[in-house]
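Both complexes shown next keep chain A, but they swap its partner, so chain B is in the first and chain C is in the second.
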Partner chain A sequence: MLNKWMKKTVSVSKKNNENSATFNSCIEKTKQKLQDNFGDTSDLFIEEIQIGKQNGLLCCLTSMTDRQKINGAILTPLTDANLHNEQILDESTWEEYCKEFFSAAKHELIQYEHEVIDDILNGNALIFVDKLAKVLSIEVQKIEKRAIEEPSTQTIVRGPKEGFVEDVETNVSLIRKKIKNRHLRFESHTIGSETATKVYLAYVDGVTNQEILTEIRHRLDKLDIHALFDSGNLEELLEDKTFTPFPMLYNTERPDIIAAHLLAGKFALFIDGTPFVLSAPTTFSDFVSMSEDYYLPFLMGSFIRLIRYFAFLIALLLPSLYVAVITYHHEMIPTPLLISIISQREGIPFPAVIEALIMEITFEILREAGIRMPRAVGGTISIVGGLVIGQAAVEAGIVSNIMVIVVALTAISSFVAPIYTFAIATRLLRFAFVISAAIFGLYGVFLGMIFLVAHLASLRSFSVPYLAPIAPFSLQDHGDIFIRLPSWAMKKRPSFLRTENPNKQPNSKSPSPPKKEEGGTDS
Partner chain B sequence: MNKAILLFLCLVLVSTAGCWDQAELDDITVVSGLAIDKGKEHKYQLTTEVFNVTALDPETRGTETASILFSLEGNTIAELAKKMNVIATRKLIYSHMRVVVMSKEIAQEGLLEALDFFEADREIRNDFSFIVVENVPAKDVLKINYPIQQVSSLKIHEQLDTMVKEWGGDPDIRMKDFIAALLSPGREPIAAEVKVIGSPEKGKTRSNMEKVEMDALVILDGLAIFNGMKHVGELPIKHVRNFLLLQDKLRRTSITAMCSEDKWMAARITNSKTRVRARYDNDVPKFNVAIDLEGRLETIQCPMEIVDLQAYLDMEKQFSEAFEKEIEETIRILQEDFQLDIFGFGEHMERQNYQHFKEVKDEWNEEFAKADIDVNVTLKLRRTGLINDPFLVEMEEEE
Partner chain C sequence: MYSAMVEKISLLQLFILIFLFQIGSAVVVGIAGEAERDAWIAILIATVIGIIIIRLYTYILSYQPGTNLFDIMGQLFGRNASMIISLVYTTYFFYIAARVLRDFMELLITDLFPNTPIEVLSILFMIAVLYVIYLGPEVLGRTAETFFPYIIIFLLLTAIFLLASGDIKMHRLQPILAEGFTPIHDAIFPGLIGFPFGEAIVLTMFMALTNKFQHVTKVSIGAVIATGLTLSTIKIVSISVLGTELSERATFPLLTAAREIAFADFIERIDPIVIFVMMLGIFIKVSVFFFGGLKGLEYVFQVPYRYFSIPIGMIVALFTILIASNYTEHIEEGLQFVPLYLHMPLQIGIPTLLAMIIFIKGKQKKGGITNAE
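Right, the complex of A and B next:
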């Protein structure tokens, strides 16, 4: 059918219109202008067509459009319309004509050149009519997307298993499905001078703090980058402070977390082309909690959360504490353990700090290789890695057994942090701590801790202190930091987010069986 | 630019300041205990016992001994401690030292001035056990091996520890207690005393450990009593428990009392509380010692119906009286034979009647000798183990 239309010849209009911003010129000129804009790219499709009695032009990028949709949304209505043989001489007739025949698909009339170019790039099909300024733009995008799957990062045992995908519209619909609230807003922004990536700013009107929203809008408008491929690009441009190993915006693949954050009074950023959605303002405790904490019984949820804090400390400090204690503070080790460590270190040629660095770097290499290597050679790395890092190194007398235990425990602990960008912060800091421990012993480790805490306390994420509510302290918010109280006990939104509406469920009560005096009516 | 220079200087400062007390584990040898004897040419002979780690690790264990001794002579312990590398290969670290053994000779001559080193040294803990050896040079105690705890110092340490917990046969005197007692006007210092039975010469060899009945053993022998820094005498081990009880430090013990002619009964004491009230009555110091004990009956050789309440009360009374006598005997020995207040009654007086104590504190030991000390033991038996009446009662009924 398309071919049939392509073969149609359309008479050439000689009328010249010099207005370069609009397209109210003859078909030949329009065609020329389009070709000037796009050059001879092979996926540009321009064909002369007949619209009613007028000559017209159909233009689109074949790589971005869906052939099926072109047939359904353009060619079929056009065939129908041509039976009427209407004269389209002015713009009001053209508008009428569009409404009558193209209302099945999403369409609009545009007139400026930049709009035309943007629409073609976004995968719309454009219909030009001879000598008319208004151009009909019809959405016939080809949408290539992955099915909704379980996220590959941040897996959980109990809870929703769906994850975000690369297509931003799908992601938005996933959130809309979870929050059926008319106050939920999605603001569209386009970022990237060359990629023109669609970014949605989501928030719940009347909950999220207005000043924070003003600030994020301001920062988004101020952005001047040429390309945006992942939320990571955006994160670095939006955060309050770049020179920190800690992530200043939360990122996740899980819609349930984003939905919870929106309802808590944070905003979210959906970026087209990546399944990682950002949310902010964020605090240290966000990275240690996980949506599953709320789906498990609260005692278990609290316990697991405490384990995560503990694992964070192990991942950060264990190798440095080990190095500090065995090179400076022998008196701190119980005698039998000291004897056992000494006998294991008998004949190890390196000082403890070098041993620790060798093992840590070996592990980092293995870890990177594990991520980067082709899936097909996956088995090799586990065999070689297991042997290199473990048994063989010990048997060859390069490292001691206890060092392998320390590194292994550290490695396992670093995988406990639910958010990858947070876990990698500890990887970097660990080396600084080990070196500090090797120079100063425990004094160095604590010096490092003091610097770290001072640094954390200085961080702000969209004006919210990173360590809130621990510093500045607010007791009211501690029901959901180190431990998690039962859902009915959490009546308020976090105060540090300074929400417009601090109450989320002010009347919730503990479920309990009816009391006898009350006649069993109310619990 | 200035900032960069400043940062660089800071880094240099940092890296030159660190590492000064660093010691890699493969450059150190851990000392388990010390023995101090009188030297032949110099004032002291110091013997250090160090761990031989390869012999202690189950994986590398061979036939070598678990500990090694080094001896040196000199005039200060402090110098000798750092001079040990005349013999040893690695740096000795003293932070894990558990016992310091001292020969009786040294103690009798009052050569304890060397002790300040143990307090002053930043590496040494002040809570190691402080022991006097009765019959052999201190060095020999560290030589005698024992198959279960092959390092002699650890063996003695554990022996003392368990003894305190189970029966109360060690005064539980650590370095810091000894020095505190030396400084206190209302107390005289004491130390645990050990002796070697059997032949110390044979005890040195590995073959000692291969015998069922060992050639030499280190046993606890009671208390060494000091007057100031001078060792003046001993108390047998049965008095140690009474000493601990008067300090309110007794944890658990077992006591035996007579129930009829050559028939005995024993009770396990699981709880004790001692209160001392001190006052002056016409220039005579008076002390009321109230001791509350709680325990259970463990054995009784008399055929007595113990489910009966009266029998219970009688037994409690018999135990209390027997224990009271024992304690009074201990106090009497100290008052009459030694005239030394090792119990710290003077400290009680200092706290409760300071004005009076102040006047007599320089001759407190004489005051103690004439003191009127009234001991009152109240024992409560709470249960009788898993039985109601002992089988002796049932046997009698059958007859």
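Right, the complex of A and C next:
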């Protein structure tokens, strides 16, 4: 409560001082003041009421409040109270009065004008009493939210199917339900000068590194942004480095991933109005792993993860390697294959790079169209895309068959990365690689790789190196990077997160059947 | 929390840097040609000398851990004298960076890009070096660390493929020591001492940046031993594949050896890939020399080294072409002039002098303390 109050005073001192005026005037003046503030907006509801023997005023925004809640939390107690017919002349009787009759709903007494305005905007109903400075604010918010559904991104076969929703309180409760630990903390922040969006900073006390928490609080406090609609807005403001195609904060719709990250020693940011929750510090390997790796048998989980790394490389490099080899290094291709490729390319009027760029750009357009178009015309894209662009282009002699295979394989591989923001980084870089391959062959591709690795090595997410634990190397953390060890073997939290408590499950042992000698009775 | 942002290099990164630095251009051009089929023995003996040299360098650095060679010279010789020596070293480092780059550029234009102007290739390469050095030595260390496993895997695979294709014929190594120790001696002095082992003088810049200086000596010696064994093995492989004469005549022995690979009717002509693995070694080596030179400029002008990186980087790219009019001249300089007039005084001469001064100073200090007692 104190925190919230302090936040508000801070935000007010920025605006102006006249907002700290109070409402200790008569009802008519108060009414006038409110109307001055909100103008003639049609959803402002102001009604004069009797409160005890005094005149009072009930004020709320109809668009933000729930009729039924107003009935239950205000009108019914008010009728009950009016039977007592008490006189409310000073603030202490008013306080007692509130305690006695309005304790069913969440309520609070406020007095400054800016608080009043903030509360009305948040969907509270306010009760003013004639000549009293204290205003009763009761929470009667209308909460419109969709049901918890399976997330539309990052789908999995095995594992929890619930996903976050737009309502931040629901999201918080989803995490609370998963982690029943009294050290789990949610810190409230309000961000956005116009939108006043609620943001919760979640972490596990005693696990998440204190310096990292201080840093994120500092960054949240110094934010100056007018609107915050999605975690993407926030991500761009909190990054250590903006000029990078790679995401510096992890985003997901899946509560199980966020819960695992919190327990590993990361913090999470819940933003009201978006199902995408952020977590950080994040590393390269986070974007290649998926919660399902941990739910499948560990051998399978490891295998799938290796496939994902391989797919990342294909999505990034395959078109450029093809262009480089076809243009400069034919001798690397075994002769029979080379002959078949050359014969396919015989009638093609373009060099390999133009062919690759045509196909890649076409595919990018197709992909964008597939996302944006109305659902009703969904079938069209697959017909146009698959048939016309693929088959017809080959038959017309614009591109070669092998190019279509290369682009298709690249496209499929780029869908393997579980996190969308990470997958789109490879889309952009792929073009750079294709062009450098066209100019300098494999030399260009390898120089590009050096650039890319150096760039990745220079990135940090909240002071944690992006390539950790590959560089700087730490053997202990490698049980969960390229492969996943069985869960009993992972006794420690990642060391690069510099957690306050490095041990996760120090006593876990490999499961084994009871020894024959001891359990011999039942056979 | 940004204490972690101070540029530091871990011991593993130092090990990898020393290793990749020393095998860098040594695998490209081939070393110890004088010793012919006993070259691998020459390399092993030179490794021992390499250990002594690197111990000399770490001894100098231990005078004041955390400061680099230039600062120590400044403290021992005074600022004016050390500024002149620093400029000599700086020039030397940039010159060797250009030489190393030239080695690789020659390889590229003879083997892959006969029609591409060498200037374009070298400028592009220097832009990559610039980028990494601009990001800092820490990033160079991490980049090396990321690529290291792939380089090792690749070297192993080359050996395995050569073995599997049946190209390795051990009898080509015999007879051992047919001509006695004279050729080995010729190969070691001064060739092998200066290149690759003595060039570690520039690595003192990185040793000074490590977070645990007390282990630097051990790690450096370990890295030199690893380098020696690797280079010797590579030499054995290339001699046993090509034979003495071909290995001697080949401009780039390992590359020629890798060309012999024909495995499972599918993996053949993998030399472009060999070149690009070599490229990583060259990249590390050029970056390290370039950084060493920039640090020298930083010491002399007292301006952060990043300011110099772009202009000096372009000068190095240009000098890569200007230092020699053709490859023969370039190699001639490398074999006749550089070892005697550059490597010896700057890698052995001045460091020995420094070490002696430090030793005497240490003695005096110790004597002073015992007197006080």
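Here is the rule we use: the second predicted complex is superposed on the first by the 494 of 523 C-alpha atoms of A that agree within 3 Å, B and C clash if a C-alpha of one lies under 4 Å from a C-alpha of the other, contacts with A are read in each partner's own complex, and residues count from 1 in each chain.
What we mean here is this: contacts are C-beta pairs under 8 Å (C-beta built on N, C-alpha and C of every residue); 3 or more make two chains touch, one makes a residue touch a chain.
Model, not experiment: these values are computed from the prediction.
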| query | Is A:Tyr328 contacted by the first partner chain B, the second partner chain C, both or neither? | reply | both
| Is chain A touched at more residues by chain B or by chain C? | C
| said: Once chain A of both complexes is superposed, is A:Phe440 in touch with chain B (first), chain C (second), both, or neither? | reply: both
| message | With both complexes overlaid on chain A, does A:Ala457 touch chain B (first), chain C (second), both or neither? | response | second
| Touching partner for A:Ile339 - first (chain B), second (chain C), both, neither | first
| message | Output check: A:Ile348 vs chain B and chain C. Expected answer is one of first, second, both, neither. What do you get? | response | first
| request: Using the superposition described at the top, list the residues of chain A that contact chain B and also contact chain C. | output: 328, 331, 440-441, 444
| What does chain A use to touch chain B in their complex? | 326-328, 330-331, 335, 338-348, 351-352, 438-441, 444
| note | So, in the complex, the side of chain B touching chain A is made of residues 14-15, 17-19, 21-26, 28, 30, 32, 51, 53-54, 56-57, 59-60, 93, 95-96, 98, 123, 125, 154
| field | chain A - residues contacting chain C, complex | value | 211-212, 214-215, 328-329, 331-332, 334, 440-444, 446-447, 450-451, 453-458, 460, 463, 465, 467, 470-473
| task | Please give the residue numbers of chain C that touch chain A in the complex, ascending. | result | 1-2, 4-5, 10, 12-13, 108, 112-113, 116, 121, 124-125, 128, 131-132, 135-136, 139-143, 145-147, 265-266, 268-270, 272-273, 275-276, 279-280, 283
